[in-house]
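To keep things simple, chains are lettered A, B, C, D, E and F as they appear, and every chain counts its residues starting from 1.
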Amino acid sequence: MFYHDNELQYEVEVEEPDPQFAKMLQEAIGGVEGEMRVALQYMFQAFGQPKERQEYRNLLMETAAEELGHIEMLATAVSKNLQDAPEEMRREARENDAVIDAMMSGGQPRQALSAGLHAMPVDANGNAFSGNFIVASGNLAADMYANIMAESTGRLLATRLYEMTDDPGMKDMLAYLIARDTMHQNQWHAALEELGETLPVPASFDQEKENQDFNYEFMSTFREERENPHERWTEGVSIDGKGEFSFGTQPGGGNPQLEKAIEQMHNEASQAGGSMGDSSIDDTSTNE
Amino acid sequence: MFYHDNELQYEVEVEEPDPQFAKMLQEAIGGVEGEMRVALQYMFQAFGQPKERQEYRNLLMETAAEELGHIEMLATAVSKNLQDAPEEMRREARENDAVIDAMMSGGQPRQALSAGLHAMPVDANGNAFSGNFIVASGNLAADMYANIMAESTGRLLATRLYEMTDDPGMKDMLAYLIARDTMHQNQWHAALEELGETLPVPASFDQEKENQDFNYEFMSTFREERENPHERWTEGVSIDGKGEFSFGTQPGGGNPQLEKAIEQMHNEASQAGGSMGDSSIDDTSTNE
Amino acid sequence: MFYHDNELQYEVEVEEPDPQFAKMLQEAIGGVEGEMRVALQYMFQAFGQPKERQEYRNLLMETAAEELGHIEMLATAVSKNLQDAPEEMRREARENDAVIDAMMSGGQPRQALSAGLHAMPVDANGNAFSGNFIVASGNLAADMYANIMAESTGRLLATRLYEMTDDPGMKDMLAYLIARDTMHQNQWHAALEELGETLPVPASFDQEKENQDFNYEFMSTFREERENPHERWTEGVSIDGKGEFSFGTQPGGGNPQLEKAIEQMHNEASQAGGSMGDSSIDDTSTNE
Amino acid sequence: MFYHDNELQYEVEVEEPDPQFAKMLQEAIGGVEGEMRVALQYMFQAFGQPKERQEYRNLLMETAAEELGHIEMLATAVSKNLQDAPEEMRREARENDAVIDAMMSGGQPRQALSAGLHAMPVDANGNAFSGNFIVASGNLAADMYANIMAESTGRLLATRLYEMTDDPGMKDMLAYLIARDTMHQNQWHAALEELGETLPVPASFDQEKENQDFNYEFMSTFREERENPHERWTEGVSIDGKGEFSFGTQPGGGNPQLEKAIEQMHNEASQAGGSMGDSSIDDTSTNE
Amino acid sequence: MFYHDNELQYEVEVEEPDPQFAKMLQEAIGGVEGEMRVALQYMFQAFGQPKERQEYRNLLMETAAEELGHIEMLATAVSKNLQDAPEEMRREARENDAVIDAMMSGGQPRQALSAGLHAMPVDANGNAFSGNFIVASGNLAADMYANIMAESTGRLLATRLYEMTDDPGMKDMLAYLIARDTMHQNQWHAALEELGETLPVPASFDQEKENQDFNYEFMSTFREERENPHERWTEGVSIDGKGEFSFGTQPGGGNPQLEKAIEQMHNEASQAGGSMGDSSIDDTSTNE
Amino acid sequence: MFYHDNELQYEVEVEEPDPQFAKMLQEAIGGVEGEMRVALQYMFQAFGQPKERQEYRNLLMETAAEELGHIEMLATAVSKNLQDAPEEMRREARENDAVIDAMMSGGQPRQALSAGLHAMPVDANGNAFSGNFIVASGNLAADMYANIMAESTGRLLATRLYEMTDDPGMKDMLAYLIARDTMHQNQWHAALEELGETLPVPASFDQEKENQDFNYEFMSTFREERENPHERWTEGVSIDGKGEFSFGTQPGGGNPQLEKAIEQMHNEASQAGGSMGDSSIDDTSTNE
């Protein structure tokens, strides 16, 4: 279960409020690379750990709760970028509707219209956060790769945001979040190391059951057949150490040869069965 | 640009059509772990490669085109599971509406209602494929982790499907797809190896700019402070070799202390400023 | 503006309630082929007609209001299939929770859980209706084709539903709805006829500005070059009467040759610029 | 910021695992009436409270953290309904693929395919949780009504789930969740009482600016004009005490009279301007 | 069933077209606080009323039809803000493509690209209207709270839009819509009053079945245990008059103790069962 | 199966990069009128063709592969509009963060934040591509109308984009795409011609089963009954040649008369059954 206190996890200060940057920060809240995704992803992964894997449940839940605090920090940053205008600017706003226009032409309309100048569970383009972003597959190795990916795109996003602001408060907050993403990338790699031999994921599927003619062949789909380009992925021992890379082309499996669907589907396009002359249809349609 | 021919990439045969398995197969077409995702993900990643990275563009495009062929195979498998009923069953279907009911009680309604007993760009729960599934971040290392994750959850899905069918044709098709996922996991790992030192992603961000007090600390959020559990992720050299893991707690950053939004937002809940007695509001609201 | 009265547009009777059919009927309410789509589509098209096109505004609004009545009919049909169980069945339901299970195993969970055994604005797979289904392009010819398509897939859906039920009340209701779709297909074709020469849509774009080397050529993308198959679409006068069909292949436009993005995007995957040896990167990255 | 410990908030026991009930429970996790919605809604509302409203920030955050614990309980309940099959059933599962089929025909495919028999952030129909479910308007009175509504539909859902299971463990868990919803409905009503005079929301908008001819009139849209039905909402003093209910009809505001869009939009449907004979277009189109 | 006529419900005039305001108005059409939501919400609630509740069906349908007219008004306002530019501006537009750019830099791209400068069924951020916005729970008390909430956030939105425009026509239209929201808030409160004792919703669930140890306790989740803050929601009689508020903490329910999923799920992360040394797995995995 | 080569299908050059136009181009990639939709739509239609319809499978697949090449062209155009800034601008960008701001104020945030200045599978408003856009109904006539509609709105979009740019490279690319849409409109019309008599779609449903009183009547829903306006759609022979248009009004089908749902749904709003005095509920609720 969960607890909270009244403090932010780390200071959030904004010197010069910037409504446009408030829009950008939304990506780090409700975007596919954002904190809602990782907080909930680690939580759902933790929820599914069996009792034998209490260490992993702990590991995931510790970081899930940390990420909830990042949502709070970023939401605070959005509010401060939208609201903490200096007093004269705020006074002026009361007298001059044009200020609202200025705040919004470069901002995200719904931060004002739907949230009264606060953060929302949406991304920088204004799309709602989706449960589809969350990966909790039941297999820890697959999940660790999902987490590494999430922290990689998350840190990439944070560095891009860092480049887009000159505000010292925002740079300080982002430097903290970037540091945490460094740690999280490392900790998920560490967990993967602890899990032992995990490739190919899922490791518990007996590779003798997979088609062994094609499990280590790089398959070229180039229109004209190419020579083996002698890349790391076309020759030599495979990364999982269980095969030898080779270079080939698509095997080909014949034309699909589908039957028609049953008549009740009314897939027949024309009354006469069309111009295609397949008289066999007439035979059956008379029984209808 | 793209080309096609009339053959499937690999044979798709169904001995005993099973509408319920047709529903399950949808996950491998339009699901987050499915083939539409990887085909389009590799394609969009390829589209963004600069001219200096032609090898990577090739690598990605070769596999993108391969994955398109997997969509075709799986769509064919869906149609065959829904339609290739033996002749007597199909004849009976014409006379007996109850057969339709039987086909659908365990199936996915829209495969019949919207697609005339064919595959759709949706997952096994019936949700539409979404462009949100696609990750093409502009950074190849982040993208390779996204690809490893996609092939890990993809192979996991395929092995689960393999366990759920006894049809030899379906098992053969899935054994092929599982093998290809083995290769694809290996090839993206190989690409990552070729890229060199990529951690923490993005490697081009100068780590001196990140907050160096917190970039290798495991942050416990346990309610009661815990001892260092001496895990791989709480002590010793970090996986990227650039730091030393430590164990700590959330630093704390004070209360957020937000200002009120401008009056035009009408965030004030009550006419008298509520029961909270914050008289400072009256000062400003009289100017309104 | 709009009005209503207390009657359904046409009788809706259910002799034998069938929760599974209630699930199927959802497609005709909130599905892409359903009545919410056409009602709102015709409404938004009407809303955008300029004052010179009052006849078309009328035409669209007349049918929009009719379609609203179809939503009401279908919602009533859903409720009756879920609720109008005979008295003994309903009495039993009060005593025996298993009846609820039976009603739901073949039904759609949210019709019970979220709507208390009533219709919802979702499709047969349970996906919410989306504003994305609505096409109102501002160009009447494009809109008329969107309407013909909507009524074609709508009538196809209704005929499939007709085949799936034996209930005389449901068959009667569907026979009415199928008839209306016949009329609506005809009326949108009639509107198109009245609009005059509309091909290619939009007709107001001067065809001399389009690339006249490729505007009537069937472009084969077959891997191996094919002979002209002499189909209606590969030779002879075009359907719009403004060109001559021909048969060719993709022209080819060279390699895309993209530049790298600015450094602040942190697209660089590795610290050394990767193993790809593109020394040009070093030049710029040292300036960073 | 947030913390966690290793315990559930309340016991979750399942005596007889029921995969179909696991599907139903999803509505209480990721559905619009579910716990993800309230946890995140209260959190975002808390994030936006100005420093003068610390009591309300506390109130909201206390309950947000409580609701996170409900997600954990329900996710545990899903896993136990899918997995805690008795030993013989689990042993049999290893030998008999048909058991998987049985577990899934009545369940939700993605709980198996995507989550390895665990909970997902989706509803009972399988739709992903959406940030769109979350209401945090910036105005506390509007938010309190959103919360009362959320707890009303939430408790309604929980009572429906209670009726659908005979498992004593599940009934005990739901009796706890229903009790909490009782409290939460009461606490949001209490907060509203404390806020004072809040109607009509937002109370800070000067009612003299709204159209005072229509602000307390019940507007009948019946096709034939009706008599005042003398309901509570058609006569007598209004609920907010600021007006007198009356009964009337829609005022009517003339035909919209839209101009045509600029030519670059290509809204013109036909080459001759269609059959509508508005010659004015010819004048301008010749300049194009 | 439904009817329409040629008039708007109320005048819609725009003196100075403003494409940016046209973007904002979208929130009132297709946003979660918008008119499509309430029109369809009241309609679906009406569709589900049993024959004993004809007054409520009438009440809901009267207002549903009114709200349809509001969509029409707002769509007209969007078109007029995008199109009714004065003649010189329109003439100039024909000669100068830059005007299009100007119209769009501050506007919503799809209003031009997809709708030819007309309204769309989307919100101000450009997200499509979703059936998920609609609440029709089957329980009238829950629905009335959903309606009060919808009209509260709807009126809040309308007042914010009112503050953002100086156009007298737009202010007049919004003053009308704000007035109608005042009435609608009042009428749903009146309906709730008529329904009698409705708390806690649903009132028909016997409270003796809910867990009576926790149904009126405010549950603090603060990390450090707090004293009772003596708020309206922590002591005294509850709002529903059926309990006494108290103040406590989360009860705690032990560790979840999940079993592992069946082997066919391939949840095992590594070939050796990982580094976790749970030998029990080896026993079963040898049978595989 | 599919193949590719290294060339674009047609040249893509940008003289003056324009981030705002890059945003607009997204509509042609991931929008409902865009190339992802048609590529995948034709592909799914092809996948479902039975073996008797190989010509149609070929026709569809030829164009599907062509459309994939259009996605590549447009993605290249987006990258070039975002990145191919002249050298001084790019150098300046390294020194001056303000340039990033300039690139983004008029652009789409996620093209930078999520894609590193590349194309994404989203539309111009930033919404993700959805599988819901794809129509593959199983009936070729319905599908051909869906294709004509897609190419009509697609060409309309392309002409609007053509009007919004002055860049010669972009105009040349769009002139090519507009030409291809001309051809595609023509080829789907040609396919429809070949199919023969297809109206009303689906032609295989026996029209004697539809309600013949209403299948050719234009149904006016005007509040006051109107005279027949003598339009093409209210009199004369119908377009399908199978009926005679007439003019009438909605038939009316009585009040819906729904029963109450079973008690376990807890649809009852109040404890006393509300103010509606339906005593019959008390009888049953005592048995509960």
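By our rule, contacts are C-beta pairs under 8 Å (C-beta built on N, C-alpha and C of every residue); 3 or more make two chains touch, one makes a residue touch a chain.
Keep in mind it's a predicted model, so treat the numbers as computed, not measured.
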item	value
Touch-network distance, chain C to chain E, counted in steps	1
For chain F, the least number of touch steps when starting out from chain D	1
Interface copy of C-E among B-F, D-F or A-F, judged by whether over half of the contact pairs recur	B-F
Interface residue overlap between copies chain C and chain D, same or different (over half shared)	different
Rotation, 0 to 180 degrees and nearest 5, that superposes chain C on copy chain F via CA atoms	180
Euclidean distance of C-alpha centroids - chain E vs chain F, Å	25
Rounded Å distance, chain A centre to chain C centre (Cα mean)	28
Intercentroid distance (Cα basis), chain E paired with chain D, Å	7
Residues within chain D bordering two or more other chains	1-9, 32, 47-48, 55, 58, 61-62, 65-66, 69, 72, 76, 79, 97, 100, 112, 114, 116-118, 122, 125-128, 130, 132, 137-139, 141-142, 153, 156, 159-160, 163-164, 194, 201-202, 205, 221-223, 250, 252, 255-256, 258-261, 263-267, 288
Contacting residues of chain A [partner chain D, same complex]	1-9, 30, 36, 40, 43-44, 47-48, 54, 58, 61-62, 64-66, 68-69, 71-72, 75-76, 79, 114-122, 128-132, 134, 136-139
Chain E residues touching chain D - in the complex, by the definition given at the top	3, 6-12, 32, 55, 58-59, 61-63, 65-66, 69, 72-73, 76, 79-80, 82-84, 90, 93-94, 97, 100, 112, 116-118, 127, 130, 132-133, 135, 137-139, 141-142, 145-146, 148-149, 151-153, 155-156, 159, 162, 172, 175-176, 178-183, 185-187, 189-191, 193-194, 199-202, 205, 207, 209-223, 229, 231-233, 238-240, 243, 245, 250-256, 258-267, 284, 287-288
Chain F residues within the chain D interface of the complex	156, 159-160, 163-164, 223, 264-266
Parts of chain A lying in touch with chain F, wherever the complex brings them together	20, 23-24, 27, 31-33, 106, 123-127, 153, 156-157, 160-161, 163-166, 221-224, 250, 252, 255-261, 263, 265-272, 274-276, 278, 280, 285
Complex contact set, residues of chain F against chain A	1-5, 47-55, 97, 100-101, 104-105, 108-110, 112-114, 116, 122, 125-128, 138-142, 144, 194-198, 201-205
